[in-house]
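What follows is a structure written as C-alpha cells; I'll ask about it next.
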Amino acid sequence: MANANKWMIDPDDAVMLLIDHQSGLFQLVKDIELPTLRSHVTALAKVARLAKIPTFTTASVPDGPNGPLIPEIHQSNPDAIYIPRTGQINAWDNPAWVKAIEETQRKTLLIAGTLTSVCMSFPTLSALVAGYKVFTIVDASGNWSKMATDLTVARVAQAGAMPIDTYAVLAELMGTWNRPDAMDFADVMVDHIVPPYRALMESYDKAQSVQ
Amino acid sequence: MANANKWMIDPDDAVMLLIDHQSGLFQLVKDIELPTLRSHVTALAKVARLAKIPTFTTASVPDGPNGPLIPEIHQSNPDAIYIPRTGQINAWDNPAWVKAIEETQRKTLLIAGTLTSVCMSFPTLSALVAGYKVFTIVDASGNWSKMATDLTVARVAQAGAMPIDTYAVLAELMGTWNRPDAMDFADVMVDHIVPPYRALMESYDKAQSVQ
Amino acid sequence: MANANKWMIDPDDAVMLLIDHQSGLFQLVKDIELPTLRSHVTALAKVARLAKIPTFTTASVPDGPNGPLIPEIHQSNPDAIYIPRTGQINAWDNPAWVKAIEETQRKTLLIAGTLTSVCMSFPTLSALVAGYKVFTIVDASGNWSKMATDLTVARVAQAGAMPIDTYAVLAELMGTWNRPDAMDFADVMVDHIVPPYRALMESYDKAQSVQ
Amino acid sequence: MANANKWMIDPDDAVMLLIDHQSGLFQLVKDIELPTLRSHVTALAKVARLAKIPTFTTASVPDGPNGPLIPEIHQSNPDAIYIPRTGQINAWDNPAWVKAIEETQRKTLLIAGTLTSVCMSFPTLSALVAGYKVFTIVDASGNWSKMATDLTVARVAQAGAMPIDTYAVLAELMGTWNRPDAMDFADVMVDHIVPPYRALMESYDKAQSVQ
Amino acid sequence: MANANKWMIDPDDAVMLLIDHQSGLFQLVKDIELPTLRSHVTALAKVARLAKIPTFTTASVPDGPNGPLIPEIHQSNPDAIYIPRTGQINAWDNPAWVKAIEETQRKTLLIAGTLTSVCMSFPTLSALVAGYKVFTIVDASGNWSKMATDLTVARVAQAGAMPIDTYAVLAELMGTWNRPDAMDFADVMVDHIVPPYRALMESYDKAQSVQ
Amino acid sequence: MANANKWMIDPDDAVMLLIDHQSGLFQLVKDIELPTLRSHVTALAKVARLAKIPTFTTASVPDGPNGPLIPEIHQSNPDAIYIPRTGQINAWDNPAWVKAIEETQRKTLLIAGTLTSVCMSFPTLSALVAGYKVFTIVDASGNWSKMATDLTVARVAQAGAMPIDTYAVLAELMGTWNRPDAMDFADVMVDHIVPPYRALMESYDKAQSVQ
Amino acid sequence: MANANKWMIDPDDAVMLLIDHQSGLFQLVKDIELPTLRSHVTALAKVARLAKIPTFTTASVPDGPNGPLIPEIHQSNPDAIYIPRTGQINAWDNPAWVKAIEETQRKTLLIAGTLTSVCMSFPTLSALVAGYKVFTIVDASGNWSKMATDLTVARVAQAGAMPIDTYAVLAELMGTWNRPDAMDFADVMVDHIVPPYRALMESYDKAQSVQ
Amino acid sequence: MANANKWMIDPDDAVMLLIDHQSGLFQLVKDIELPTLRSHVTALAKVARLAKIPTFTTASVPDGPNGPLIPEIHQSNPDAIYIPRTGQINAWDNPAWVKAIEETQRKTLLIAGTLTSVCMSFPTLSALVAGYKVFTIVDASGNWSKMATDLTVARVAQAGAMPIDTYAVLAELMGTWNRPDAMDFADVMVDHIVPPYRALMESYDKAQSVQ
C-alpha cells in the first residue's frame, strides 16, 4: 500500500474513537435510521480490531436517561478500552482520554460520536488544534436533525477535518484483497454496511451451481 | 380472543403464503429498503410457525437470474412447504398450489410476494374470486416502484382484499401477552420488525439496575 | 348545528378513546414528529373535556419498556378515566373497556392509539363489528412506518371507519364560534394544533395597535 | 390460464387505448420521470402487439404546441391504428373512437393517457358508464402534479375502474413462461420497464461462465 | 358533449363554491405551495364565469386574524356572490348559504375550501346527505398538513364525494376546443394552472417563425 | 452603506449577466420549479434596472430547439443589451461579450444562467481567472439535475466564486429602506420572490382597517 | 474547560445577536418548521442568559407587515437589549448596533437572523471584515427557501464564518455537567431543542420506580 | 477556445478514467437511478472518444459477485484500454495503471468510479498527491448511500479535486457548436444525458413543418 498520503488513512498511524453511542441518546437520532447507525458502529468496532487499531470508547452520564453504551461495540471488539468521564461534554476535556490517545503515539484519529454536532464535533475540533489529523465518520454518528449534520460537516471540514463514510474507512484500512484476512473484512462489509450484497452473493452462488 | 371478526385474522383459519422472495428479484425492489424487506419476511416465517399456521412458499424460475429463495425463510420455519411451479406467473394458476391450500381446509390467506404488483397481487385476486378472505402484507412484499405499490393496494382493496403490515400480522396472531410463548413473539418483533425497540429495552434494563 | 349527519360527529353521541400513548412506545413512532403527536393527543384530551365527551384511556404493559402514559393526557383532562388491562393487545378484548363504553350509551367512537396499525386499528375493527360508528384520528396516533399507516387507513376505511385529523375533530365538536366557550376551543387549536397561527395573531394585534 | 376473473385482464377480451402521448404535453408531466414514462408507453405498444390486442391511438390538437405523438408508439406497434379527433377533449366524445372500439367486440379496456387527470380519466369514466371493464395504467400516463394523480386514481377507482401498473399489465397478458414467445415478453420487460434487471442478467451470465 | 355521466360534471347543473380562501388562513397551509393554491383558486373563479356557473363565496370571521378573502376571486369573477356567515364553521349550517344554492336548482356542487379538512370537508358531507352530487377540488383547497389532506380525501370519498383537480375541472367544463371561447379557457389554463406551458408556446411560435 | 466589503456586492461596481434563459432550455430544468425560476430571473432584470447596473444577456443557438430568450427579461429591463454569440458554449469565449463587460470598467459580476453547470459555471470560472469578483445566483439559474447543481456550487465556490440567492441580491443592492425608490424594490420582492408576502400585506391592511 | 480553541466558542468572549425574529417575517420561512424555529430562538435567548452572554436584538420595520419581535425572546431573557434601527437592511450598517457590540469588548459573535440569507448573512459578512470571529446559528434562523439556505451557508463559510446548530451552541456554552446550573441548561435542551428526550426521561423515571 | 484555465478542462491534457463500473456493484448503488448512471457512463465513454482523450478502464475482482464491466463502455469506445488489477482496492496502487497514465504525458484526470466513496475517491486522492489536476464526475459514479456521496464530495474537494457533472464534462470538451462533429456531441447529450430534450426536438421539427 502507498498510503503515505496526507489525505488518506495510514492504518499504522490510526486510532479509533467511538464516543457516546448510548441506547438513550440513540432515541434522539433523526438523520439516519437507527438500525443502520447501530450496524455502522459495529462495523467500525470490528474493522478496528481486524486492522489492529487501538480503540477507545466513552459514554456521557450513562447512569441517567442517556443509557448505557450499546453492547455490541465491546462484544465485537474485546480489545477496545472504555474510558469513563466525569461530566465533560467534550471528551477531549477529559485528561484520561487525551493521555490514552497520546500513549498510542499515533497521530491519525478516526472519530464517530452521537450526537454528531456535539460528541463527534467537539473532540474533533480539539484534536485538530492539538495537531492531529482527523477523519470524522459521519454515518457512524447520529444527530438530532439533518440540518445540524450538514452544518457540522461544514464546520469540521472548515477546521481541517476530513469527512468520511463507514464503507470508505473499511476499504481504506483493508487496502487490498491480497491479504490473508480479506474475507474477514468482506464479512464485516456484507453483514454491517451493504446487506443487499448478501442477496447478490446468493444469486451468484446459485448461478454457478446451476450449470 | 374475540377474533370471529370478519375484518380481522382468525389464527385457526389462516394460511401463510410467501411467494417469490428470491435474491435476484430482490435487486429490483424500489419501494422498501432491502434489509427491511428481508427482515419482515423472516418475521412472517417465524410468526407463522409460532402460531402454528400452515405455510407455503414458491419461486418463479429459480434457476435463472431471478435467483433462489432467500434461505432464511425455510431456516426460520422448517415446517414451511415449498411448492415448485412450472412457469405460471400467477401462483394460483398452479393446481398443486391451490390443492395444498384447499387441503388445509382454512379460508383466510395471508399473502406476501415479490413483486407486489404481480406475485402478491395475482394470487390475491384469484383467491378472492375463489371465495377466500385475503390479507395482503404489503411491507413484506417488494415492488419495482412506489407508484406501482400504491396502485396495487388500490386494486386489491377494490377487489376486497384487506391490506395489512407485518407488525399488525404479528400482533393479531399473538392476541395477548398472557400466553406462555409471549416472549417468543416479542423476540420476533424486536429482532425483525422494530429494531430500535432493542435500544429501548437496554435503557430500561439499565435504568432498573441503576438504583 | 345540523350534525344528525351519518358522516359527521354528533358531540352528544361521542366517546373519546385514547389508547396506549406511552413514552416508550413513542420512541418507535416514525410517521409523525414526536412533539407534534404529543401535542395532538393533548388537544384531543382538552377538547373532549370542553365538549363534555366521556374519555377513556388505557396502556399496554406500562411497567415494562413501553413506559407510562404521557402525563399530559390526564393533566389536561382530569375527567378522563384510566382502565387498566391484563395483557390483551386489542383493548376491545378487555371486558372492562367495552363495559365502560356501553355504559355511556353513546354509539360514536373517536379513537386514537399508538401504534396506529395495532392499538388504533384493532379496537376500531372490533367496534365496527359491534355496531359502533367509528372515527379514527390518525394524526393523533403514531405508527412504526409511514407505509404501515397508509395500509392501516385503507384497512379500517374498507371496514367502514371514517379517517379524520385532529383539527377536524376539534372543529366538528366546536361547531360554531357563537358559543360562550369559543375562545377555549381556539386556545387548544393555537396551542396544540397550528402553532404558526400564534405568530399570525401577534402580527394582527400589532397591526391594529400601530394606528 | 384461469383468467375468467372479473378483477383481472382477459387478453382475448382486451383493447389497448393510448391517448395523447405527445411530445409537447410531455413537457408538462411532473409525476413521473419523462424517459420512464416514454419507456412504459413503448412497453405497452410492444406488449399489445405480442398479445395480439387491438390498439388505438389518438392525439389532441397535434399541430399546435401539444406536439406530435411520440414516434416510438407506432414504430413499436405497426398494427396500432391512429384515430384523429376534432377538438374533443374527452376521446370518448369522438364517435369514430367509440365505433372503432365497439367493432372489436371486446369489453375490457386498457387505458393510458397524458394528462392522467384528463386524457386518461375522462374516457375511463365514459367507458365505465357505457358498460366496459376498465384498467387505468397510471404509470404509463403522465400528469401535471402528483397530487392530481392521487386524486384521479381515487376518482376513477370510485367509479369502478381498476388501477394497474405497466409491469402488471405485461405479466397479466403474458400469463406464463411456458409459451413460445416468452422471451419476447421478457425483452420488453428488461428493455422498457425494469432496466436494472439487465445488469443482473449480465452478472448471472458471467457467474455461469466463470466456472 | 356526452356528459350525462354520473361520474362527470354537467356544466349546466353545476354550482361553484369557494369557501374561506382568506389571506390569514393561507399562512397555515402546508400541503401545497401558497402561490400555486392562490393561482388555482383564481383559475376556478375565472372558469366558472366562462362556463356561466353560479358561484358563491364566503369567509370565516374575516375581521380577525383569518384575514379577508383574497381579492382576485371577486376581481376575476364579478358575478360571484359573497354570502357572509355568522360564526358557523360549516358553511352549510348557514341557512342563507343553503338557500342560495337551492335557488339555482342545480344539484352538482364543485367545492374548494381552506382548510381542506374543515372548510371543504364539512359542507361536502352535509351536501351529500342533502342529496347533492359533490366534486371536491382538493388542489384549490389548502390544508394544515399533508397527512390531514390524505385523511380528508379518504373521508369524503367514502361518503360519496368525487375528488378532482383544478385542471380536470377546467377541461371538463370546457369539453371541446371547438367552441368560440376556447382560447379564453386556454388562457386560464396557461396563466394559472400549468405556467410551464407558456414557455412551450413561445418555443413553438419561434420554431414556426424561424423558417 | 458600508459595502466596501470584499464578501459583499458594491452596486456601483456591479454588472448583471443573464445567460441563456431560453424557453426550450427551460424544459430541461429539474432543480427548481419553472415558474419560480422565471420569476427570479424577472426579479433580477428589474432590480438591475432599479440599481442602475449594466445588464447583458445572450442566448445559445436561439433559432433551434433551445428556443428564444424568455421575453420578460428585456420587457422588464429595456436597458439590457443582448449580445449574440456564434456557437461558443462558454459566453466568455465570445470576444464581444468580454469587451462589453470590460467597457463598463466594473469588476463585480452577478451571473445567472441556464443550465447552471454549463452556462452559469463556465463564464464564472473564466471571469475568476480574468480577475473579476463573481457572485453566482444559483436560484435564478436552472439545471438538469439537483445533483449537478450541488456539484456546480462546490466547483465554483472552490474556484472563488460566491454563491448567492435572488433575495439576497435584491436586498444587497437595495441596502436600506431609507431611499426614495424603496417601494419599487419592495414591489419586485413581493411580485417575484416571496409571493406569500402579498397575503401577509393584505391581512395587515385589513387588520388596520378593522378598528 | 479548554476552550481557547479558535474553532470553538469561548463563553467569556461571546455576544449573542438575535436579528429580525418577527412574527410577520416568520410567515415566509420555508426551510424549517415554524414552531421549531421559534423554539430554537427561545433556547438561545435562555442559554445566553444562563451563560451570562450579552445579548442584542433588533427588528426590521416592526410597525409594518414584518410584524413585532416574537415576545418570548425578551420574556426569556430580560437582560437582552433591543436596539432599533432606521431602515438599514444590514444591522451592521446601524452605528448604534456596532457600538453596542464594541462596548462589550468581546470578539466572538453568535448570530441568528430571519431571513438567513439577508438578516443573518449580511451582518456576518460585515463582522468578519471587521475582525470578529463569527458563528452563524443556521437552525435558529429562518429562510425563504432551502436552496437559499444552502447557498448562504456556503457563502458565509467561504468568508470564514463557522456554521453551527442550536444544540451545539448550548453544549459548547455549558461545557460540563459538573456545574451548579447544569439542570438549568438541561431544561432548555429538553424544553426547546429535543422534546422527544422528555418521553425518554419519563420512561427512565418510571423504570426506576418500578422495582 | 480559451481553456488554459486552471479551473477548467483542457481537452488536450485530459485522460478519462472509468473505474469499476460492474454489473454486480451497480446493484448496491443508492444515490442515483441505475439506468441514469449507466447512461452517464456511456456518455463519458463516447465523448472521450469524440474528443480523442485516452481512456482507461479497470474492474475489481470481476470474476466474483462484483460482476463484469458493463459492456457498453468498450462497445461505445473501442479505443478504451482495460487494465486488470490484482486485488488492490485503490486502482492507483496498481503500478500498471499509473504507468499507463504517465505515458500519456497528460496531467488532467477525469475520474468516475463505482462506488464513489472508494473506487472514485481513493485514486483521486492519490492522483492529487502525485500532482495531477483531478475532476471527479460524481453523477457517473454510483454510491451505496446519498450521505456517503455528500461526504465524499466534501472530502475530495477539500483535497483539491474539482467536482463536476456529466453534462458539464461533455460541454467543456465540446467547447463550441462551430465544429464539424458538433452533432456527434449533441447526439450523446440527447441519447444519454437529457433524454427529455428529444421530445423537445420532435416538437420543434413538427412546429416547423406545420406551416
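Of note:
Going by the order they are written in, the chains are A, B, C, D, E, F, G and H; count residues from 1 in each one.
Rule of thumb we're sticking to: a contact is a pair of C-beta atoms (placed from the backbone, for glycine too) under 8 Å apart; a residue touches a chain by one contact, two chains touch by 3 or more.
If you're wondering where the values come from, they're calculated on a predicted model, not measured in any experiment.
Chains making contact with subunit E as well as with subunit G: C, F.
Steps from subunit B to subunit G, minimised over paths through touching chains, total 1.
Rounded to a whole number, the gap between the C-alpha centres of subunit F and subunit H is 31 angstrom. If you average the Cα atoms of subunit A and of subunit C, the two centres end up 42 Å apart. One finds 55 Å separating the Cα centroids of subunit B and subunit F. Between subunit E and subunit F, the centres computed from C-alpha atoms are 35 Å apart. Listed for subunit C are residues 24, 27, 65, 196, 200, 203-204, 207, 210, each touching two or more other chains. Under the touch rule stated earlier, the contacting chain pairs are A-B, A-D, A-G, A-H, B-C, B-D, B-G, C-E, C-F, C-G, D-E, D-H, E-F, E-H, F-G, F-H.
The part of subunit C that touches subunit G in the complex is made up of residues 23-24, 26-27, 34-35, 38, 62-63, 65, 67-68, 70-71, 195-196, 199-200, 202-203, 206-207, 210.
Partner subunit A is touched in their complex by these residues of subunit H: 24, 27-28, 60-61, 64-65, 86-90, 92-93, 115, 117-118, 121-122, 125-126, 128-129, 144-145, 147-148, 150-152, 154-155, 158-159. Chain contact summary for the complex, subunit H toward subunit F: residues 1-2, 5-8, 31-32, 138-139, 153, 157, 162-168, 171-172, 174-178, 182, 193-194, 196-197, 200-201, 203-204.
Within the complex formed with subunit H, the subunit E residues making contact are 200, 203-204, 207-208, 210-211.
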